[in-house]
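Below are structures written as structure tokens.
Okay, so chain A shows up in both of these, paired with chain B first and chain C after.
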Partner chain A sequence: MPSSQAPSIAGTALDPTAVRPEIADAEIFRIERGELRSKLTALRAEGCSMLLDIGAVDYLAREPRFDVVYHLLALPQKPAGVAEVGVPRRVRVLVGVPTQHPQLASIVDLWPNADWAEREIYDLYGIVFEGHPSLRRIQMPHDWEGHPLRKDYPLRGPAREATPRPAFALKSNVPAGAPPDGKVAAALQKQIARARGQAGPGEKGP
Partner chain B sequence: MEMMPGQFMLGKLDDVARWAQASSVWPLTMGLACCAIEMMSVTNATYDIARFGSEVFRASPRQADLMIVSGRVAQKMAPIIKRLYDQMADPKWVISMGACASSGGVFDNYAIVQGVDTVVPVDVYVPGCPPTPDGLLYALNLIQQQIRQGGRGGILAKA
Partner chain C sequence: MSVAPLGVTALDVVEVKGNSMTLSMGPQHPSTHGVLQVVLEVSGEIVEKAEMEIGYLHTGIEKSAENLFWTQAGTVIERMDYLSPLGNAMAYVLAVEQLLGVTDRIPERAQSIRVLLCELTRIASHCVWLGTGGIDLGAISTFFYAFDIREDILDLIEQSGGARMHPNYLRIGGINGDLPDGFLARLDALIEKFPSRMRELRALLQNNPILRDRMIDVGIVGSKAAIEWGLTGPALRASGVGYDVRKAFPYSGYQKYSFDVPIRDDGDAYARFLVRLDEMDEAMRIVSQVRKELDLPGPIMIDDPKIAQPPKETIALSMEALIHHFKIVSESFRVPPGDVYQAIESPRGELGYYIVSNGDNRPYRVRTRPPSLYNLQSLKLLAPGNLIADLVVMIGSLDPVFGEVDR
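Coming up: the complex of A and B.
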């Protein structure tokens, strides 16, 4: 969808300035690109020893267009006793990445498991992680062109997008918004009535 | 073939060879998606593909006669399937199992090959999502029938 047709995003979930709802189990930080490494280094020093995942979101009409989301976990410091449950600390760090120069610092040296996660985001969203030891495609074939999870990537691929879909693929069995057909509805009612142990309409009771 | 009063049978070499070949169509161990679950279930006691001599799923394409494409073929998987097919010794057959392998099925998208027949030649298509194990057995029977009649890939078929 070209951005010229996009409705205003002020105050919606797409708005990068919008206040996100409090989520009970996680602290959420939105930071600038430049402070990514310093923030994550600090969080790691605070005990977030585990990088659970790195996600990316394409908001297309928004600027910055992408959000890269780091999910961190700090395991409970002391072992939980019999009567209590150790509560881990969960942290989510959001970074906006603009359409032009979609680059971000790599964090493979902080958490080695960021390697494949960053490769996946590079593969599917085209966000380049600077400092990554080997930024190659991981899911698509190595000679693939484009980044398929971008919202402006054609679903059927650039080569096939222009070919028309077969007519049966566009046709639904049921017209949109149509009430259930009389026969079907009657059969359904009968079935329901039978299940309830009652005689359906037009049927004799036992 | 006819039974003689002594303990032997007479028949044409063609018929005997085809009978032997049709009774030992060994599939390649290759499961791609959920159809592979149905493919595996043909080996169990209920369906028992061993009745037709095809229970020996070979782990090496060199020893396999039949490729069962059991599931959707990703764009990344297509060259691998082609390579496996090329590694199989002639004569060889291919069953395209299920809607995805035959036409892409519900996956009308960039990632899935729209029909495995764009990659390897297919002998029998099995409709269904997934097909029942009976459907797969029937496809195997069709291939056996083809071999017995000296069809494509038969042991004495002319190239």
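Coming up: the complex of A and C.
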């Protein structure tokens, strides 16, 4: 259930990555779950030495539901000056992960910095990385239930979403001429009394 | 043997086993520059293993951004890296402009002002790092010298965008209003004052024997390890790899300006310190080049009423302007479906945004590539074998910002 605060106004694309405009930001590969490690090992051997980031996206209505996105950068392994680095190459690898068994092979042994990135995806999306040395929550508290960045997770959290929002007396939803009530009325009375130079019943002195 | 109570309350003893001890440093320890907990296994004073707990500042900014309009999301995104808010805004607006396909239509003056403010923010951010890093090492007066420069820059940012820290000045399609009167005069004053201030700072710090003793050969990362651990920014360039997004993938007209990328080969805390100091000088070099372009007036927002809000004064006069204004404010605009990765060189390294649009008026996914997260993670590699006291230097030299690490 999308959050009540996010009503959609447009018809939406189910798989935006398939209809993306021509943007030359990276070389893109979409691969199957099983070939993840072999593909990344091959890319690493080709010179993509740095793992920049691992992200995930939840396409709720699509199957496979999740995309895990690996951003790689080809840099030389040796020390290199600005000129030698030249124009590095960006590579993006997208892997679909289904709802039923959201599991993917871990790549911590290929790049040590995948550790926190995979833990974050596990924490916020519930995708399990098999072979990760210690897969536990990283951003949310350890006893948290649910995975907040999933699209079916309410924006304000399940507990708070159930409680109604307080009805504030906004200027716009009070009809003109309606007498104020409750705290607003009390505050108004106080203000009026102060303006007239009289101390209200509960006030001490000027 | 019972454990003697420690004087420092921020270091809590968790466990004692023979000669080794497990300590918890933070999350309220002052030198962690925010809220970081480091669980240390120490043998005597030597750290054997450091495991970090993050997430104390997790505020769900990515989730919030998915529930805001394209135009509104910039406000929360600026709050990720709170020392370089304009860097965050820059990466976000560039990414959305790519999806909209309007990158080539952004006016030159807007691009120049964006570069100007990003470079000023880089100096301001490095000033905070220098000031707090100085305090970590006992050099308290550094803080005042560094924050003097930073105040001048924050004044400029306040004048241009209306707020010191999070001005939301960079907008999709350009910037929000032209620079006000008097801005350029104050900028000139800063450009003139800056070199002497930097000379003072360098005289105070660079050859200071205490600082050198504390920083040289502490927290060494080799170039291979730096690449493997995904270090970017000054931390990577201090290890001898000259990767700078401004040079490798120029954006917003960086290719027009001549500047050098400082590189050091030592890979220790002192090298990172020198790289950042040099970067401040280079940033000011870019600022003074941009300054020369700002005398000529020009448009500062894209000429597209679907994206740019009409100028305030036209709203009362033109029905069309009123309608466009109403549409943009009440339901923003729709961005063609697609995904894009856009990175910039933030003061901490490669700050990237992977943004997915499904054709709606809100971003479908905003994934940040936070440089601080990956830089901080390398502490697992740096810390073992060093003294506990050096841990403070290492954290300081990596310059993490927890608004960005935890988001």
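A few points about this structure:
Rule of thumb we're sticking to: the second predicted complex is superposed on the first by the 136 of 206 C-alpha atoms of A that agree within 3 Å, B and C clash if a C-alpha of one lies under 4 Å from a C-alpha of the other, contacts with A are read in each partner's own complex, and residues count from 1 in each chain.
Just so it is clear, a residue touches a chain if its C-beta (ideal position, glycine included) is under 8 Å from a C-beta of that chain, and two chains touch if they have at least 3 such contacts.
Please read these numbers as outputs of a predicted model, since none were measured by experiment.
When chain B and chain C are set side by side, the one touching more residues of chain A is C. Contact with neither chain B nor chain C is seen for A:A42 once the two complexes are overlaid on the shared chain. In the superposition on chain A, A:M140 makes contact with both chain B and chain C. In the superposed model, A:P148 lies in contact with both chain B and chain C. Taken together, the two structures place residues 139-141, 148, 155 of chain A in contact with chain B in one case and with chain C in the other. Residues 54-55, 58, 60, 62-64, 66-67, 98-99, 101, 223-224, 227-230, 232, 239-244, 247-249, 260-261, 263, 265, 331, 334, 336-343, 350, 352, 354, 356-362, 364-365, 367, 369, 373-374, 377-378, 380-381, 406-407 of chain C are the ones that touch chain A when the two sit in their complex.
Those residues of chain B that touch chain A in the complex are listed here as 75-76, 79, 108-111, 114.
Against chain B, in their complex, chain A makes its touches with residues 139-141, 144, 148, 153-157, 160, 165, 169.
By the touch rule above, chain A contacts chain C in their complex via residues 3, 5-6, 8-14, 16-17, 19-21, 23, 25-26, 49-53, 55-58, 69, 71, 73, 75-88, 90, 92, 111-113, 115-116, 137-141, 148-149, 155.
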